[in-house]
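One chain, subunit A, appears in both complexes that follow, with subunit B as partner in the first and subunit C in the second.
For the complex of A and B:
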């Protein structure tokens, strides 16, 4: 037995779920207690230690990827800072025109450093995440042309959370390049920013300017932060354990055995998968934000009640907010703000007008964003299709927007009327569910087969008690899911109309407050899908 | 400022650009119009607007846009 194995490396994979007893009973309490007891000066090192210990438990030797990323991005930051300072010092003594030329020269140098950092990080990601997919498709091509040889299919273990911490690292170096933040000479602060244990598995994808200083500052744990963080954690636990994990067996059955399912059941499977994904991911993010709140660190929100969206474009501003913002700030705007795209926009606007002109450059940038978004989620054609599906929907929405406005005006439809807004929300939700069907399907071919079956053989004739038993759900489960989804919907509606529910509850009498929280704890304990008869389900987004 | 107001009015007429303080947050200018606007501003004011400047704070009002342009011209 190796030393790493003896020290528990990679043995705590169950900890990737924040709601596993290993995490919230065995890891989290000592981490919080140790942080509270350690003198102020040592708190940051304790957090750093907790982060690496957590990552060691879930990933073992693959922690080297995280360490490598940290060292590289720190070094690139320092290098970039040195070049920036050299450029500033040299430019200070020059006249305006010469200064401009010199700045351009130094910009190029800085850009080369940034590109090197990007290529290295994306390169590592490409190798561990996509080389297998690439080799499989090369072999398909070779076999199609009857080539007498094939390429070896490489297999790499993918470090958990690499898609998240790589984007965080890149956002740091790009922010340094843009002058949004100063390069950090303190590798410890940068390491803590990249390894803060609640956020390393599933995000949210934080920016250096949002969390690094606050993490390094280390506030003392307060009663208010402890209770509010625990409340948020509990809410996430309810979403994940009561709904998401309970629905898993039904979703697995439908997606694995769709050949024996009616179209109606496939549609139900796609709807329930969308519910499962939302409850799983947003529930885990509630846990992340709750744990960070206990340590007094505000983490950016990742969900803004996405199912209230009226368009697909709005949906992606409310679902996985930090990923969307990353692609917007580091891909969409840089592409559209490039010289060639600006020229294209200017000339296209003169020929096609103010709406369709910019759409040309915008659609090229949008294509890059959605191809990257699809690939980010996984290395298979169904993920690429998922990205392209949303690209087409968003582009179509922009193309027909002037026509829709005209039709509405002609028919005297007020787009702000409740009925119209409700129609838009339901339409958006249906489009999202169709996208999720392809996203969850075992490959693109199966996705199309499921979609075809759903449309052409729509019936519920085989949806009976026997099917429910096979799926691991019974009517009692459906009632529990229904009640919990209704609670989550009511909370979302309150937040949508009146803001934070926890802030509102804080003003209520103490007896009522505690009664609500005790009821919530009991609800999760009694109705959570854990223990005998349930397998622990890893968070869905941890695999991306 | 008049040149800027004329560009805005030409791109997307019907908004009180002189007084409006929430051009982005109030959804008067969407991302496509912003793309177009940036190309126009760069031509008209001989500045380069990098992607990092494309944030709501810089585009929420004509005054904020003018402040950004003046800052970039000084650079």
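For the complex of A and C:
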């Protein structure tokens, strides 16, 4: 059997990773070349075809979910638009008082349509992602009360990226409702917005207003976009192949066999998992943004150097930015802006003052956000705990903020001093690592056991030759990981202080630029964890 | 037009430079000659490369099921057969093919045993593509050789370690739970990329004059009827023998209360002894081996057998 016949059969092609040769050698070049060669009018259809072909490769028949979501959300958008226009037309002929009542009536109608769209989309998510978790817990309860029966645990194949494209679809209908965008009568444009192939597996979660028009416009591929997009892709590849995939075996060993690990090794495992997750997810997002850049489509950033954050709240504004923004705009703000919450805030402000008063309603909204955030990541108690952990940290941060300010003032501590900022960054990073330990653990019980072991049996006595061999890492692996993390840190520091490194490099002589890019490519080729002895690791966030 | 031409020339120039760099690296640093050194092998089995040329009768490849159930030194002690267990944790068929490719340059085994658990480990098309790419630029297959600058992956050799010829010794007993069920589903198939590598392994063995045998070692967690059926079909297709030890309770009398180190997934030393005892008889039945016991050229093997006996007595695990 030859390679050609194997690929020709179209089976066993796993393209969930942007860094698999199937994607960047077999799929991407024809997609780019076809786009460049096809006349302007056909480019959008080519992109749409590429999106569906890509999704078919990664999800097979489950592409039906994507098609269903597209058709439904398009239909809801049109319906909502019609109701909005009817309302406007009818209101124009009425007096002020009557107009108000009519507007209210039509508002209710619109809200009903939006709710229907939300329920359908969230309903599909609930069924495929959470019904198993729900049934398991119902059975636990039934067993606790010695019930003579149990419910069947359903099993559904979950389409890759459903959590991402469902949120994109909902953001569209909510934006139409709020009048941020107009309902799109062109189902092709909406379909391209939802199926643009770089962003469908791991996001970022784009808004209709950010990408839809630009995608449908289809700019010509330029030399600058091609080179800059490739550079961004390469940077992501370095993060994923050199660091994230290399650390995988160590992380798997610690989290699967923590019973045989000392607390120090568990702590190291949690730190390395946090590094792996960041390099994996941000590396994949670099690839997404890079590929989109080649097609001339600006995609929103999803990471803003999160480990420079001084508080957990700031961390979540820099990590998975588009998810945080989604929850902020479509959950936090609507909850805090609801009539009941406004009343609560107003009465609480009188009793508790200007700082703590608004916090009451804010904390209820925050609770909803973090419960949803935890559940969005997965259907298990450790994900719910992960959400609640961050809710408590952020709320506590807000509650003690006035006290911290007072203490700092009394002790004459300048919060802007480097040492204090560094302390805050390290403290935030430690809290993040603890959260990730529970996030990665195989269930909440194991998470607590690991945390307990880390705290009560902190030592590195089992970190020896045998352990290293078993973990699949050797000292050289650790050196390469260290060097690459240092490079990523240096680039992040540059971006934090001076802005885009690529912009700065663009001004350098061509010989220097080429030397840098050749060195970067060879670094990935030589030090990447791929090929013999390495298993291909699917992107971590693709499973969410 | 001129600007477009210039930019196209720049792109082509960059690509040409990159290809030249790949070629240079492939020829000068990561070449096939010397590239297929022990550094290309997992450190845990790198010792096989130090075996004198043409001295190994049997090579075993596979995943952890293999290195926990086949004891080369017992085969030597009982039958005078020299063998090496080239199994690694989570070994993929692409890895098995690469290991055999490397070792066939130095060894001409009569038998190659492929433990079948690895056949069901997913090999992606990426592996196949990288292998093809490696045929053009060796840097893509040998890139991990950068680790050779420090010997054994930066881990100092333990001079007192017993050379168990790839077997990982453990006396740990962790009995099968009462309700232990096989972990694999109701049915399944052998993936196409896996099939690609199986054919490659068969071709490699044919070229080298070795007989390929598929062996399923006893495991409560991995045994299943559908696996057995698929493997039998595969063996018939490839024209090789298939031995399923799960079906031989009399010949390989595994006691799942005492012979497993991890509740039925892997065997411990007690279980491995039984598997190896039967394997020795089976191999002697399918091939005539020269008995190397007492042969001066194989005196080192006898020394290792004695060291292994001491190790068994002390009970210190090698994993």
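What we mean here is this: the second predicted complex is superposed on the first by the 531 of 544 C-alpha atoms of A that agree within 3 Å, B and C clash if a C-alpha of one lies under 4 Å from a C-alpha of the other, contacts with A are read in each partner's own complex, and residues count from 1 in each chain.
To be clear about the criterion, a contact is a pair of C-beta atoms (placed from the backbone, for glycine too) under 8 Å apart; a residue touches a chain by one contact, two chains touch by 3 or more.
Nothing here was measured: the structure is a model prediction, and the numbers come from that model.
Colleague: Quick check on the subunit A-based superposition: subunit B and subunit C, clash or fit?
Modeller: On the shared subunit A, the partners fit.
Colleague: If you stack the two complexes on chain A, which partner ends up touching A:102: first (subunit B), second (subunit C), both, or neither?
Modeller: So A:102 meets neither subunit B nor subunit C here.
Colleague: Between subunit B and subunit C, pick out the one touching the greater number of residues of subunit A.
Modeller: C
Colleague: Go through the superposed model and pick first if A:25 touches only subunit B, second if only subunit C, both, or neither.
Modeller: Second partner only, subunit C.
Colleague: Quick one: is A:349 in contact with subunit B, with subunit C, with both, or with neither? Answer first, second, both or neither.
Modeller: first
Colleague: Examine A:336 and indicate which partner it touches, taking first as subunit B and second as subunit C; both and neither are also allowed.
Modeller: A:336 contacts subunit B only, not subunit C.
Colleague: With both complexes overlaid on chain A, does A:468 touch subunit B (first), subunit C (second), both or neither?
Modeller: The second partner, subunit C, only.
Colleague: For the superposed arrangement, tell me the lowest C-alpha distance between subunit B and subunit C in Å.
Modeller: Nearest C-alpha pair, subunit B versus subunit C: 41 Å apart.
Colleague: Taking the complex as given, what residues does subunit C use to touch subunit A?
Modeller: The touching residues are 7, 10-11, 14, 17-18, 21-22, 25, 40, 42-44, 88-90, 92, 94-95, 98, 124-130, 132-134, 139-141, 143-144, 146-147, 150, 152-156, 158, 191-193, 195-196, 199, 319.
Colleague: Which residues, counting only subunit A, touch subunit C once they are in their complex?
Modeller: Touch residues, subunit A against subunit C: 1, 3, 6-7, 9, 11-14, 20-22, 25-26, 223, 226, 465-466, 468-470, 472, 474-477, 479, 514, 517-518, 521-522, 525-528, 530-533, 535-536.
Colleague: Please name which positions on subunit A make contact with subunit B in the complex.
Modeller: Touching subunit B: residues 103, 178-180, 329, 332-334, 336-337, 341-343, 345-346, 349, 354-355, 357-359, 361-362, 398 of subunit A.
Colleague: In their shared complex, at which residues does subunit B touch subunit A?
Modeller: Listed in rising order, the residues are 10-12, 31-33, 35-36, 38-40, 42-43, 49-52, 54, 75.
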